[in-house]
Amino acid sequence: MNNKNLYLPEMATINEVIEETANIMTFRVILNNPDAMENFSFEPGQVGQLSSFGTGEATFVINSPPTRKEYLQFSVMRAGEVTSKLHSLKPGDQVGVRAPLGNYFPYEDMKGKDILFIGGGIGMAPLRTLLLYMLDNRKDYGKITLLYGARSPVDMAFNYEVSSWLERDDLETHLTIDAEFEGWPHTVGLIPNVLLDIAPSPENCVAVTCGPPIMIKFTLQALEKLGFTDEQIVTTLEKRMKCGVGLCGRCNIGTSYVCMDGPVFTYAQLKELPNEL
Amino acid sequence: MKIGVFVCHCGSNIEATVDTAAVAAASREFPDVVFATDTMYTCSEPGQDEIVAAIKEHNLGGVVVASCTPRMHEQTFRRTVERAGLNRYLFEMANIREHVSWIGKDRESNTNKSVDLVRMATEKLMRNRPLYSKKFDINKRVLVIGGGVAGIQAALDCADGGLEVVMVEKAPTIGGKMAKLDKTFPTVDCSSCILGPRMVDVAQHPNITLYAYSEIEEINGYVGNFEIKVKKKATYVDWDSCTGCGICMEKCPSKKATDTFNEGIGKTTAINIPFPQAIPKKAKIDPDFCTKIQKGKCGVCAKLCPSGCINYEMQDEFVTEKVGAIVTATGFDLFDWSIYGEYGAGRYPDVITSLQYERMLSASGPTGGHIKRPSDGKEPKNVVFIQCVGSRDKSVGRPYCSGFCCMYTAKQAILTKDHLPDSQSYVFYMDIRAIGKLYDEFTRRAMEEYDTKYIRGRVSMIYPQGDRLLVRGADTLMGAQVEVDADLVVLAVGAEAAAGAGELAEKLRISYDSYGFYMEGHPKLKPVETNTAGVYLAGACQGPKDIPSSVGQGSAAAAKVLGLFSKDQLESDPQVSVVDIKRCIGCGKCIQTCPFGAIKEMEFRGMAKADVIETICQGCGICTSTCPQGAVQLQHFTDNQILSEVNALCRF
Amino acid sequence: MELVKYLKSADLKSWLQELARENRVFAPRNEGDSVIFAPFDPEQEIAIVHPATLPPKKTVFPQSEKLVDFTYSKDPENLSRIMIDGKEVLPEGTAVVFGGRPCDVRGFTMFDRVYLAEKSTDIYYQARRENTTFITLACEKPETTCFCHWVDSGPTDATGSDVLATVVDGGYVLEALSDKGSKLLTSTLLENGESRKDEARKAHEKAAELLQDAPDLSGAPKKVLQVFDTMEFWEEAAAKCLSCGACAYLCPSCYCFNITDETIGMKGTRIRSWDNCMSAQFTMEASGHNPRPTKAHRLRNRVGHKFSYYPDIHDGVISCCGCGRCIKSCPVGTDIREIVLQAIEYEPAVGEEQADEQ
Amino acid sequence: MPVLKGKELRIVGFLCNWCSYGGADTAGVGRFNQPTDLRIIRVPCSGRIDPLFVVKALMNGADGVLVSGCHPRDCHYAEGNFYARRRLEIMQRFLPVLGYEAERFEYTWVSASEGQRWQQVVASFTDQIHKLGPAPKIIGPQAADTLNQMAAAL
Amino acid sequence: MKFQEELKDSIRKALPDLDVVLGWCGSFDPLHATPHFIRREEDIDKLEISPLSVHNLATYLPGLRGKKVGIVVKGCDSRSVVELLQENLINREDITIFGFPCTGVVDQAKIKKALGHAGNVRTCDISDSAIVIQTEDKAHSLTLTQMLADKCRTCRYPDAIISDYFVGDKIGEPAPLETDYAALEAFESLSVPERFGYWLKELDRCIRCYACRSACPLCVCRDHCAAESRDPHWLSQENNVRDKVMFQVIHAYHMAGRCTECGECQRACPVDIPVLMLKQKMNREIRDIFQYEAGVDPEATPPLLSFNMEEENITEKEW
């Protein structure tokens, strides 16, 4: 047993706020305790509980890569009370951070393989962590392909980075939006359809995907059609969480707690679990 | 949210009994307050500039001003914060002048109370959200309800201003009460000579569509986009082909129909045109008196009508008109004086109303302009006028002054002398109210030049004596009883709200006072507006008025409509209710209680949900306090905002 | 450690009063028509005739407790600089709970496996658990709703308890079961109980005899999971459920909770409060998506957790102690025993199984 | 801080924007002196006032609650005060069963021009609350007093 | 009961057109009944109507909206059905109502009190006058009328107010309008601090399971109750009696003019808190002011959702 208080957050200060889209904001926070910041370590895909005291906590993936340690980054889509409150915060405001929580992408196992990222909307946030990590360790991985879709250009988060991704020759980037939009130079179409068009080879490849449930459902079908096996598909889940440490009882799928055993699962693992997403 | 607090001295108005610096200092301890100061005159230009500067310097997300009542300066400061780039709703006021400094002298209590009010304002402000108006297209047509002089004026002004006008008049002709008058005060010029041409203008104006003998059945929609269902009552005459030649009226054998236009003085035919100058000049059948309709026999008019427009089977018809604004000019009705037993309660034929007398005086009236006693057709010698019949009388529930009776009585006394130089007029009055240009001079003329005997006092009894009437009353100036032998008694009957005013108000969703007169938006500053956007008032429907005032209001209402329509789009007030679709269970209680019909049921993923029509919602919040789960929330006055105010004040 | 004492019924209150000098002592008492655990009050009767309406769960896991007190403060020089200070609010002091039943106290062992686990120890729970001593009262006769013996327990099972008290003629036999328990049995009011031990044994045997045969639930974990996708089964099982939370709140082994914040001005608290998996809000996500949208889904999780998931993770231990409160106090008489037995006996309709495999 | 000990009791007012808030303004403009206990919350219409706000205020420590709206038939929104009248009347009659004197809560109508009436209402309501004394407190520093009082009564 | 077979026949006749029929059947012991969902022909045999049929099945109707539902109702239950119809929470054409003459149902709390720690219940025989309960060690004979629920003692609607099928003979004319609020009146005669203290004491043991709400047939908010909501944020999750009392006030006020006093809130309470009294208080005031009684007329409008320009029974304060 250890004596760490599971519920007491590290106090942190918002260093920078980036308005990604109309309803997504990115917060870069720094822990107030310099030692804690210095010693903070996490793996790509792990999540954290971000709290505004007085309103509550919510779970977000830490989407800065572990290789860049000057701040912790969380991208927050406004949906409920906590996210609305977070959206009202400004640099200098105080938040609480309980992190890292959960498991992470098996990036070690992915070494030497081709990687296919498929992100939809805010689902790009967890992928970004892994993508940046891999770009920072580029030589360890094979061909990296990114398919990133959003409803429209204005719903596309991380715009400022996407342009630099497009320019890289060690990364194949495909952008798509759901419907025609004036001045949009990239693909138009739903992610699963675009994926079938790009038709990446499943040979020695791992697909990493995250997005809204409906997109995931059809993307999985598309990947199967392309010949990806269940073990080759990795996704990360979201559930309502309170404690983040496997106690409060709401994020379980059968015996698995998304906060502890997840949020990263292979499709093969998911299929083993009861169907309760 | 970073909040700035500005505590105003208002010169010494606040500072004298509130320690504003202490209030500012206390405010600095509140959550989210990052800046607080006290200023001499916050509403002054330097004061406002200070707010703008502070917003920029401290990156404020919201502002609280503690000063006077928000009813005074909320708009001012909203513009100020907007100038600094904040949404206008990220602003709150704490009223520390009218509600604090001006009503108490204890500086300690006042300061403490001011701190509370600022705390409350900041707690609410923390929960304010930026709100944005929505723009919507408007239909630049206007509905004028009522074709009296006020309605005519409004319609013509609007039509001349280029608007399409729909006029709905419930009587078969427009003209209203004024059309029944013989002469008008104080100029004693011929009423129909001045009104007639205007009525013709209405008929002929290309921009005006007239529905006479029609009523408003239903009103839906909201400012800019009303939908009106008009009931065209059956006339049994095809008005499209009727030329108004009058042959039917000449030959109609049924001559006992009530002559409404002539106030029941005399009878008319079952098929009739109300009067020669009627607009539209079309015949209509009074079915109660038509032998063909009642008994299936006769049919004379149908046989004789040169254009074959008689149709005994005609039914009420409904048409729908779309308009963007409504001018209500439904006028007034006369008080039913039969309640007064002392005046004979209607038993004496020679006691008549002023309007009946007016018809008698009119050359186009039933007596051809001859004053005759209804009882025997003789010319009267002594004519007694009794004022304030159904005015200024609490006992009959009419405590208000009808405003115009003093003047028309004077006019009628003058006209009586003109018609019957040998006659003698007496006027029983309470006070003479002759406020208006040339009005007092006019009543004096009646007394001095026309020898009308004015007796200050009330009539206690009228009873017949032979073929005359004995009018007994008090002369309070003399302190004596007086008795006058009268040949004819004319009652200056007061005005009351038009019949059906209440029902129409419900349809218009406007409020009315306990007498049925419509409520203006503000008794001084919004005399023709109502509290329902896009609905305006003209004439006596708002309260008793004489012709010049009615005409003035008609024009004023038209100006308001033209002003409203000067833009192509309107902005909705964003302080409206919003339904949280996830929480709504579709029980419909909000729909049931909304006074404006602003909530409709809609379907969302197969479930019934409430849906607020932003443009109709007036922001009262009844729905919010009705919804048990709080799924519908009035923006800017949400449950959480009010609860936060309660919590700010009651902290255990 | 084998320490047996005897306490005269007449001395019970005095003894508890002695214990109350150094501990917070909880004992069951009548409140209205219910029996609840409340701070011991010598003025009030101790209600131990039949099991309490509510288990003593709150003595270790309060209905609602403070986790963190936080205070905002401002830099007086620069009001925009707002600092926040969060302080953990750990429970202090020791407690004694008298009069819980074996099932009640065994419930805490269900908590222990989760809350005291190596990788995530809940120090709030730990602080209370370690500082609370349980004097458990052995059951004499079962109620219709009792089924402790179905779930590997029994009317005298002392798992999780520190002292087992057995009613004998004229008083109680108190058997220490732990060091904590032994330490409690030092009062001069207590006599040596060795001589009365047999009486206690007999009482235990008699209680066991009154129990009817228990079905075998060893297959439950697998069987409950097998019907997971058979929504019809769960819909029928949950049809009469009102989706209130009485079952969870009355359950000695239900440990789910919620965390919410409350503030007044510059101060606030982060609170942990009981929550229940039958509430629609429990898993409702901010987006409006709910992985357990109907009471059937929620009942499936409730039964699944107790009879399948928990035993799967924790060496086959069913997370139910058979106290029967969820049955007895359910407003509509939902019987979890019946649901589990039905799941065990459930035979998929012909063709269904094959369809599943495809 | 909210109330001045010994001097004031805590009285919360809910006033509709159009009539009563204006009436209170008019009283201010007329310099009609009033007791300082009352704090006013402005709402658009008396129909917006959920009677539960009244109970919430009392339970949070208010000693009295006063609601004022437009006179019947004068409602800016035509019907708000008619609904309010029924709902507030019910709540006023309900309060005694909870253990609050019905007199701790009153509702009334004051128009924007009735400054004098407002002064009268405030003075007499404040007096009424002072006669009743502080309301029982469920939580907070004074809760202990309440509990002692309860214990004595039971 | 005599008409039970007749009722089963009616249900058998109607079942082919219905998705489910709600009735009662035996429960975990012979002393209890439980709601019974009849979906198939063979379920009909299990149906039992007796003084143990305490549950108000109307509670399930809003949740079954869209389905064809049959429901067996006691007189009091039928008032809830009427109220649900009145508020458009269910569709009349989807509901088939089976009524029977109800002679009263028991109050399990009274039985529990009378039995003490009974242990295992073996049998339970109910005659017109007595309940005989056989436990492991003895037979308890209880007088039926003494065990009846309070609402049955003052019942004015023993026969269903509306029904599509009615079995048995109607009991007949309702008793006079005056409902017996004796207990409430006695409570009201206590001093102010006594009343205040009563609720603090009683509600202190509330565990916030909200069974009172969930069992209430007219708590229509269901999953969106203000109790757990943060927007609006009426209540905190702190374990303080203030919020527990406040919740009961919210419930009582939201039920004002709608509550039929079926008593399910109080029956459902696992810790026996007398929460019905608050609703009775509301109801009595509603009756006094508006001469209104909920759940009698499907066409009526609840009094708080309507108004009169002149309120006859509201006397406003003179200042």
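Order as written gives the chain letters A, B, C, D and E; numbering starts at 1 within each chain.
One rule holds in what follows: a contact is a pair of C-beta atoms (placed from the backbone, for glycine too) under 8 Å apart; a residue touches a chain by one contact, two chains touch by 3 or more.
Remember, predicted model here, so these are calculated numbers, not experimental data.
Peer 1: Common contacts of subunit B and subunit C?
Peer 2: Where subunit B and subunit C share a partner, that partner set is A, E.
Peer 1: Enumerate, in label order, the chains that touch subunit A and subunit E alike.
Peer 2: Common contact partners of subunit A and subunit E, which must touch each of the two, are B, C.
Peer 1: Given the two chain pairs C-E and A-B, which is bridged by the higher number of C-beta pairs in contact?
Peer 2: Pair with the higher count of C-beta contacts: C-E.
Peer 1: Find the most central chain, measuring centrality by the gap between its CA centroid and the centroid of all protein CA atoms shown.
Peer 2: Given all protein C-alpha atoms shown, the central chain works out to be D.
Peer 1: Which chain's centre, taken as the mean of its Cα atoms, is farthest from the centre of subunit C?
Peer 2: Most distant chain from subunit C: B.
Peer 1: Taking the mean of the C-alpha atoms as each chain's centre, how many Å separate subunit A from subunit D?
Peer 2: 52
Peer 1: Please compute the C-alpha centroid of subunit D, do the same for subunit E, then give the distance between them in whole Å.
Peer 2: 35
Peer 1: So which stretches of subunit B touch two or more other chains?
Peer 2: 2, 59, 582, 593, 626, 639, 643, 647, 651
Peer 1: Which residue numbers or ranges of subunit A touch two or more of the other chains?
Peer 2: Residues 81 of subunit A each touch two or more of the other chains.
Peer 1: Quick check on subunit C: which residues sit in contact with 2+ other chains?
Peer 2: 72, 80, 258, 260, 262-263, 284
Peer 1: Enumerate the contact residues on subunit C facing subunit E in the complex.
Peer 2: 31-34, 36, 49-50, 53-54, 62-65, 141-145, 210, 236, 239-240, 242-246, 248-250, 258, 260, 262, 269, 271, 273-274, 276, 279-281, 284, 325, 327, 329, 331-335, 337-338
Peer 1: Within the complex, which stretch of subunit B touches subunit D?
Peer 2: Interface residues on subunit B, with respect to subunit D: 69-72, 95, 97-100, 102-106, 108-110, 112-113, 115-117, 120, 509-514, 519, 531, 575, 593, 595-596, 618-622, 624-626, 634, 637, 639, 642-643, 645-647, 649-652.
Peer 1: Under the definition above, what is the set of subunit B residues touching subunit C in their complex?
Peer 2: 2, 28-31, 33-36, 58-59, 582, 647, 651
Peer 1: List the residues on subunit C that touch subunit B in their complex, please.
Peer 2: 72, 74, 76, 79-80, 263-266, 288
Peer 1: Residue numbers of subunit B touching subunit E in their complex, please.
Peer 2: Listed in rising order, the residues of subunit B that touch subunit E are 580, 582-583, 585, 587-589, 592-593, 626, 628-631, 633, 638-640, 643.
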